[in-house]
Structures are given as structure tokens and as C-alpha cells.
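What follows are several structures.
The two complexes that follow have subunit A in common; it is paired with subunit B in the first and with subunit C in the second.
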Partner chain A sequence: MQIKVRLFATLREGRGKEQMMDFADIATPQAIFDRLDIPSADVAILLINGFDGKFDQPLKDGDTVSIFPPVGGG
Partner chain B sequence: MHGYRGKIIRINLTDLSYKLEDLNHDEAMKFIGGRGFGSKIMFDEVDPNIDPFDPANKIIIATGPMTGTPTPAGGRYMVVTKSPLTGTIASSNSGGYWGAEMKFAGYDAMILEGKAAKPTSIFIEDDKIEFRDASGLWGKTTIETTNEVMKEAPAKAKVLCIGPAGENLSKIAAVMNDLNRAAGRSGVGAVVGSKNLKAIVIKGSTKPSVADPDALKEVVKRGRSQIKDNGVTGAGLPTYGTNVLVNIINEAGVFPTNNFQETYFDKAEEVSGEAMAEKFLIKRESCFACPIACGRYTKADDIETGGPEYESVWAFSAACGVSDMKAAIKANFWANEMGMDTISAGVTVSTAMELYEKGFIKDDELDGLGLKFGDGDSMVEWIKKLGRRDGQLASKMAEGSYRLAESYGHPELSMSVKKQELPAYDPRGIQGQGLQYATSNRGGCHVRGYMISPEILGLPEKLDRTELKGKPEWVKIFQDLTAFIDSCGMCLFTSFALTADDYADMFTAVTGKKHTAADILEAGDRIWNLERIWNLKAGIDPSQDKLPKRLLEEAIPSGPSKGQRSGLAELLPLYYKERGWDEKGIPTADKLKALGVPA
Partner chain C sequence: MQKRYIKNENMLSREENLSLREKRVLVVGCGGLGGHLIEQLARLGIGHITAIDGDVFDESNLNRQLLCHVDNIGQPKALVAREHTARVNPDVKVTAIHAFLDESNAEEIISGHDVICDALDNMTTRLLVQQYAEKLRIPMVYGAIAGWYGQVTTIFPGDNILGSIYQGGSNKGIEQELGNPSFTPALVASIEVSEVVKIIIGRGQLLRNRFLMINTLDQEYEVFDI
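== the complex of A and B ==
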């Protein structure tokens, strides 16, 4: 299955903004973090197709995963 | 009393006189300072039904007990008056250095009354107060004004002023200070303009005392450490500024685009905080005693300027369908120069763009400019014209989006609450934020209870943004805590890292009056109810606790939050109950008595 992975703010450093990732069977956000060498503690906001996701949530083919470090504003 | 200076200066602009009054300590304890104290003075002294431009309307500029102390980001002041935009009580907050300087000059609050016969500036250096003719400054932009008055001011004096928008009584005019900080919302700058007041230059030489310097040192050290260790205040905001929100809010599909017709902007990346840091940022800026330094200083072609912040970038990009960051920076610069609220200015232009798109505004009204969504160059020109009321359409825009849309028979196209333009989050996909918009005492506003923090950012804990359950309780706590923070003189952004207990400890160390978290939340509740009562007396009835028709009746049409609808109808009765109000949204006599709020 293919997952679109979008990174933001400091997580882009050395990893780029966006990539498509192939997974043979089960994919989770945690598996994405592992592949990209992103410590779980650095992930403050995780969106799956725009809504809050869990690190161990099974992903579906075509999902978009957006990953943010701690950021804010207003 | 420690923290406070014990003096209020009452300035009569009609006869250019002033007198000093003692601070009422009991009132200060009940209403804290800043927003709360200013609102109480308005309650006591100004008829809520007055025309905002009547000389009998007053402007209260108030600091809080923390303003000018070492508390983190403790440099804020409030401008409180009756809003010409909303008809509600207006209290508009600003940072920079002006507020702390007013405290150093020896004043907790300044009450501006009457109307000067001609353009006037006030120069204050400690107990020396002078009125000077400002006729030569009338028409000048905020930077020109600041530079001019500094030629005759003491070194390192701080300047507060209005621009042409305030002079021209634009209902979205701001009060500016320290060049690019703004008490931006609710048209407070127009009330200053209505009094023929152009600038207040201030210089002080003494600091407020604190009750327990050792305890304060400890709690400030602890607070600064929490701010440094917090991912948002210690890393996110310093590195990217507030504009890092562009991508977050857009990814969630709640980034209002083309006047809230869409909620996902496919060109958001071009105006993001990441793009700003990479291509446009010159340096960071901070306010008085602030360890966060979220302020940006940017460059676009030949313009270098403070900002833009997230809300301003959004108002001058996605709201108007514009993907050109240079245009957003230039529009922000000109809004500051004209002395206008960037949120209301951008949303008013986006409203005009929709009116044009739908055929209500005709080509022959455009003075040769464009008015299509996405036309950044024209957007910048409209901002300049709006501030000067240059032309018929620009003059209509200077009245704000509601009156503009109403003049074409379509007020429903104004994305506003109580006639104040909504900021950069679509409430249909963020239920708590929607309730907060609808119930804000100054109309459409994000910083009366920033529910984005729990509903999007996960601070202090993550809430499901689509869920209704529990939101009235959260909104009330956020509104009450914010009312306290706005009144004490600290910056709301510290609340990403500090808790109610931290504020209570700082307040106790500064004033010497023991306060707990429950006490400061009660003070916030008291201030909230006072504002509500004032608004009710002003004829702002609970039927105005609503959202624009589009956001109430239509689902989000596309993007990640497609199908999300407002749950306001369900939330509002629960919120009234949570507040201890009756089912119609009126504070009960018992509630007011318990809080010590006059009916």
C-alpha cells in the first residue's frame, strides 16, 4: 500500500517535505517514524487525513499522514 | 499596594487638563487590572448606549499588576472603550514596550475623556504631562508619526499612535505602539481618532515594587524554565513564529479560504511559517521581558516590516485566495502604516471579493483595480485605499465587512460575529472554537479563549475537535483564565507553558495578596460576567451569540474536514448553564451577587 507522508517545521531537516511510502502489508504511523528516524517524543501532532491519529493506528492505502513537532501560535 | 503604582491619570481632551486619582485597591483586587479594571471603569462611568464616537465615550488604557515586572512577557496593556465596530465593550491588548513604560512613568491606568478641538498629542515623562498640537502629524502614517514625535521626545521614550484609518474613523482602525505592535481589534483606533488624539509619547524612570522579591525570583525562574522546556514556547514559536500554524490548520482542513467558501488552501505551503523562515525572515523580535520572542521581522522587495503574524498572513493570503507571501507581507505593512486591524482588513477585502465574484459589486466601482480572489497586488492597493477612505468602495470597506456586505443587501456574506470579522480557523471543524467565537464578549475573536490549543495543538491535553461533549466546560475555563491573563498584564502565549497555579503564584509574589488558581479563575469569571452585563445593557442581546449563516447552516464542502457542521445549537444552552446563566443567556442575580458584579 502507498501512504503519503508530509513533514513540517523542524522534522523536514534532512528528510524533505513530502514523500510516498510503500508498505507491503501493515503500516502504522510508528512504522513511518521508524523509517524516517523520527523519535516518537518529537511528534506532537499526528494527523491522518486531517484528523488526530494514534501512533499504532493501522493505515489504509492512499492515506495522508501529516507529522508535526511541538508548534503553536495564534 | 505592590505591583500597582497606585495612580490613575484622568485626561480631559476637551480642555486639555488632567488630574491624578488614587487607585481603588478593593476594585483592583476584584478586577485585577488591564481588561478587567478598564471594563469596570467603563461600567461605572459610560452609558452603554452611547454612540462610540460621542465625546462622552471614554478610552481606558490600563496595565496590570504584572506589567513592567520581571514576570515572563509581563509587558502588556489594554485599550478599553465602546467599540464602533461591534457596539460591545472593546478591549484590545498589545505587547511591545509601551505598556511597561507607562507603568514606569507611575500609572496603572489612563482615562481619556472628551474631544480635543484640534489634533493633539500627549507627552508624558513621569509626572510631567504636556499637550502638544499634532496638526502637522494628521494624515501621517504610523511610522512617520512615530519618527516625527521622537524628534521632540526624551531618548528611549515609547510611542503609541493612530494612523490615517483611526483619523478617518474606520471602524476597523487599530491603536499602534512601538512601530508595529497593535491593540488591533474592535476599532479602538477610531475612538482615539474621534477624540482628535494622534499619539501618546511616554517615558518613565521608576519600576513598580513587588511584595516578595525572593519568591518572585523563584516563580519567575520556574516559569521561564517551563517556557523554555515547552516545545511550543521554547522551540516552535521562537523558530517559526506564529505563522507555523498555516500548515497545521490547513492540513486539518479548517483553514478558511476565499472568504470561508472553502477550508483547504492548496497553496498554503507558499505562505507557511516554514516558507517565511526560509525566504523572508530577517530577524526575530521580542516584547518586554519575553523569553519566547515569537515576533518576526520580514522583507519583501523594498519593504521591511515587523510581522506578519499567523492571523495576518492568513487574512492577506488564503482568506483572499492569495498565495503570494510578498503580497501578504506588503499588505500587513500597509495595514500597520494605516493603523488597521489586519484580521478585519483582510476579511473585509475577502468579503468584497466575494461580493464582486457574485456580481453585487460592479466593475465601475473598482477605481481601476482588480477585486478577484487571488489578486495579491490589488489586495495591497485596497488596503492602502481603505485606510484613507480613498474612493467610495474603499470608504465602504473602512466600515468593516458587515456594513460593507449589508450595503449591498447581503450581510450574510460577512464572516463575522457581532459584526467583528472572524479569524483564521473555520469553526465547523473545531467545535469548542466555534462556541468561543459565538460567545466572545467582543465579537468574532480567537484570543478570548483559544480552544485551538487543546483542540488542535493538544495543550494542555488533546481534545477531539469534532466532539461536542465537554466543550462548554473547556470554553468557560479558557475564557475565564484568559480574562485574568489579559487583566494581569502578561501575554496569553505564556499559557502554552504556564498553568493557573503558576499565574496565581506570580500574582501572589508581585502583589502580596495570596491568590490560588481558583481565585484567579473566579476573577476571570467576574470580568467575563461584567463584560456580558455591559453588553446586554448596550443592547447586544443573546440572539447575537451565533455564527455567520454559512457557518451555521452549511457543512464544510471539501478537503480533509469535508462534511463537518457546527454544533453550536446544541452547545449554547449547555454553555449558558455552565456559566450559571438562565436559559436565555442572561446572568442570574445569584450568579452576579456571588461574583460581586453589579447588575
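== the complex of A and C ==
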């Protein structure tokens, strides 16, 4: 299955903005983090097709996963 | 209508302009975002602004905090905000609180306001503000910055956006590595103020249940429905 992965802010550094990722069978956001070497602690907001997602949520072919780091300054 | 508000009147009706004078807005934090928020709210003619911050100005604030000057280093940010507002628009009543908002004072400080503006620098206190905003039925405009990046959303009682969308327990963000420049606070604060005005006048489309993600490095501005 193919998943569109969108990265935001500093998560783009060395990884690019957007990519299609192939998975043979089961895919989860955590598997995407692992493949892109993104520590879970660096993920503050996770959207799957625009909705709040869970790290272990099974993904479907054609899903879009958007990953944001924490932004907390004022 | 006083002459000072004439340039506001082309986009806001006279009634809308006058309604701003009746409102009380709480700005939590008087640093990067807070300085711009207070300045803009005062020039609009918001009737009453409460400015709270327990911190004092430091030389490292000079790069981005509008109210920080070389001659007020070491002075309480909230008190400087009140002095500054008096010079910008003496019509505006400012309550300055030189303290940090926490569990012990949150309810008393937040109650009685029409809108809350988030200008904080940590998630723990933002969640506390959201909790009491919900309890006291007050809308809240969230803003956060980090380097080239910013976020804005508007939260009404019951929305619980921050609790539902934020993963993990990170209290700080990538601003720890990136710092913050002069322009991101001004940009994010300006968008927050536009949300405050729309909440008050009941016109226009809010960022309610929508999250604005700002990236000035790539100049990307994207709104996510959440």
C-alpha cells in the first residue's frame, strides 16, 4: 500500500517536505517515524487525512499522514 | 467617534468599533507575542486589557519583544505593558499583574473576561488556561511560535482542541533549538488579534476547529480542519 507522508517545520530537515511511502502489509504512523528516524517525542501533532491520529493506528492505502513537531514559544 | 479610531471605521462599523470599548481581553504573557498583542489591542480600542506575566525584561528579549527596550531591562513585563499602553491609548484600562498564572490564581485572573489571548511559552500553562476558559465559558485564542514557524487556533468552551490534538507531554517545542526572531511573534500575534476582533463583533470566519500552520521559511500557510 502507498501512504503519502507530509512533514512540517524542522521535521523536513534532511527528509524533504512530502513523499510517497510503500508498505508491504500493515502500516502505522509509528512505522513511518521509524523509517524516517523521527523520535516519537519529536511528534506533537499527528493528522491522518486531516484528523487527529494515533501512533499505532492502522493505515489504509492512499492515506495522508501529516506530522508536526512541537511549537511552544511565545 | 474619536479621530484616533477613524481608520478603524472603514472595516468595522461604528457599532462594532464601539463594542470593542465594552470588552475585556486577557493577555497571558507579555513577551514576544504578548507585546504585539497588547499594542494592537490597545490601538484598536479594546476597553480593558489584563496583562499578566511574572517575568522581567532581559537583554536577550531585545531581538523580538516589542515592549523591551535598553532602558527597561530588569523591569516587570506586565508593568511595562501598562505604561506602554497608557502612552499608546489612554482610553484603555490596563490591569497589570506581575505574577505567573498557575493553578492557585487561574480562576480568579481569568474570570470576568470576554476573550483570552494566549501568549505563553509552555504547554502546561496553555492547558491550564484552556481548562479554566472552558469552566468559565470564555473563548481563547491560542498562538505559538518557534523560529520560522507559528500556529494559531481559536478555542471555544467545549472544543478542547489542545487536549485532543497534542500528543505526548512536551512542555516546550522546537523554539528551544531555533529561538525566536522579530517577525514570527508579530505575525502570529496579528492573526490572534484578528481572531479576537471577529469573536467580539461576531462576523467573519474564525479559526475555530481549524489549525493555522505558518512556515515563513518556505512561506507556506496552511489551515487544517480538525
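As a convention for this text, the second predicted complex is superposed on the first by the 71 of 74 C-alpha atoms of A that agree within 3 Å, B and C clash if a C-alpha of one lies under 4 Å from a C-alpha of the other, contacts with A are read in each partner's own complex, and residues count from 1 in each chain.
Simple rule for what comes next: contacts are C-beta pairs under 8 Å (C-beta built on N, C-alpha and C of every residue); 3 or more make two chains touch, one makes a residue touch a chain.
Given the structure is predicted, the values throughout are model-derived calculations rather than measurements.
Once the two complexes are overlaid on the shared chain, A:66 sits against subunit B and subunit C alike. Applying the stated contact rule after C-alpha superposition, one finds that A:49 touches subunit B and leaves subunit C untouched. Touch criterion met: A:9 reaches subunit B and subunit C at once. Of the two partner chains placed by superposition, subunit B and subunit C are both touched by A:74.
By the touch criterion stated above, A:40 is placed in contact with subunit C alone, subunit B being left untouched.
Subunit A residues 8-10, 17, 44-45, 47, 50-52, 66, 68-74 lie at the interface with subunit B in one structure and with subunit C in the other.
Every residue of subunit A that touches subunit B in the complex is listed here, in rising order: 6, 8-10, 12, 17, 44-45, 47, 49-52, 66, 68-74.
Remark: subunit C residues 29, 31-34, 118-123, 143-151, 164-168, 170-175, 177-178, 180, 185, 211, 213, 215, 218, 224-226 touch subunit A in the complex. Listed in rising order, the residues of subunit A touching subunit C in the complex are 8-10, 17, 40-41, 43-47, 50-52, 55, 66, 68-74. Within the complex formed with subunit A, the subunit B residues making contact are 230-233, 235-237, 239-245, 247-248, 251-253, 269, 273-274, 294, 309-311, 446-447, 450, 452-453, 456-459, 462, 464-466, 492-493, 496, 559-561.
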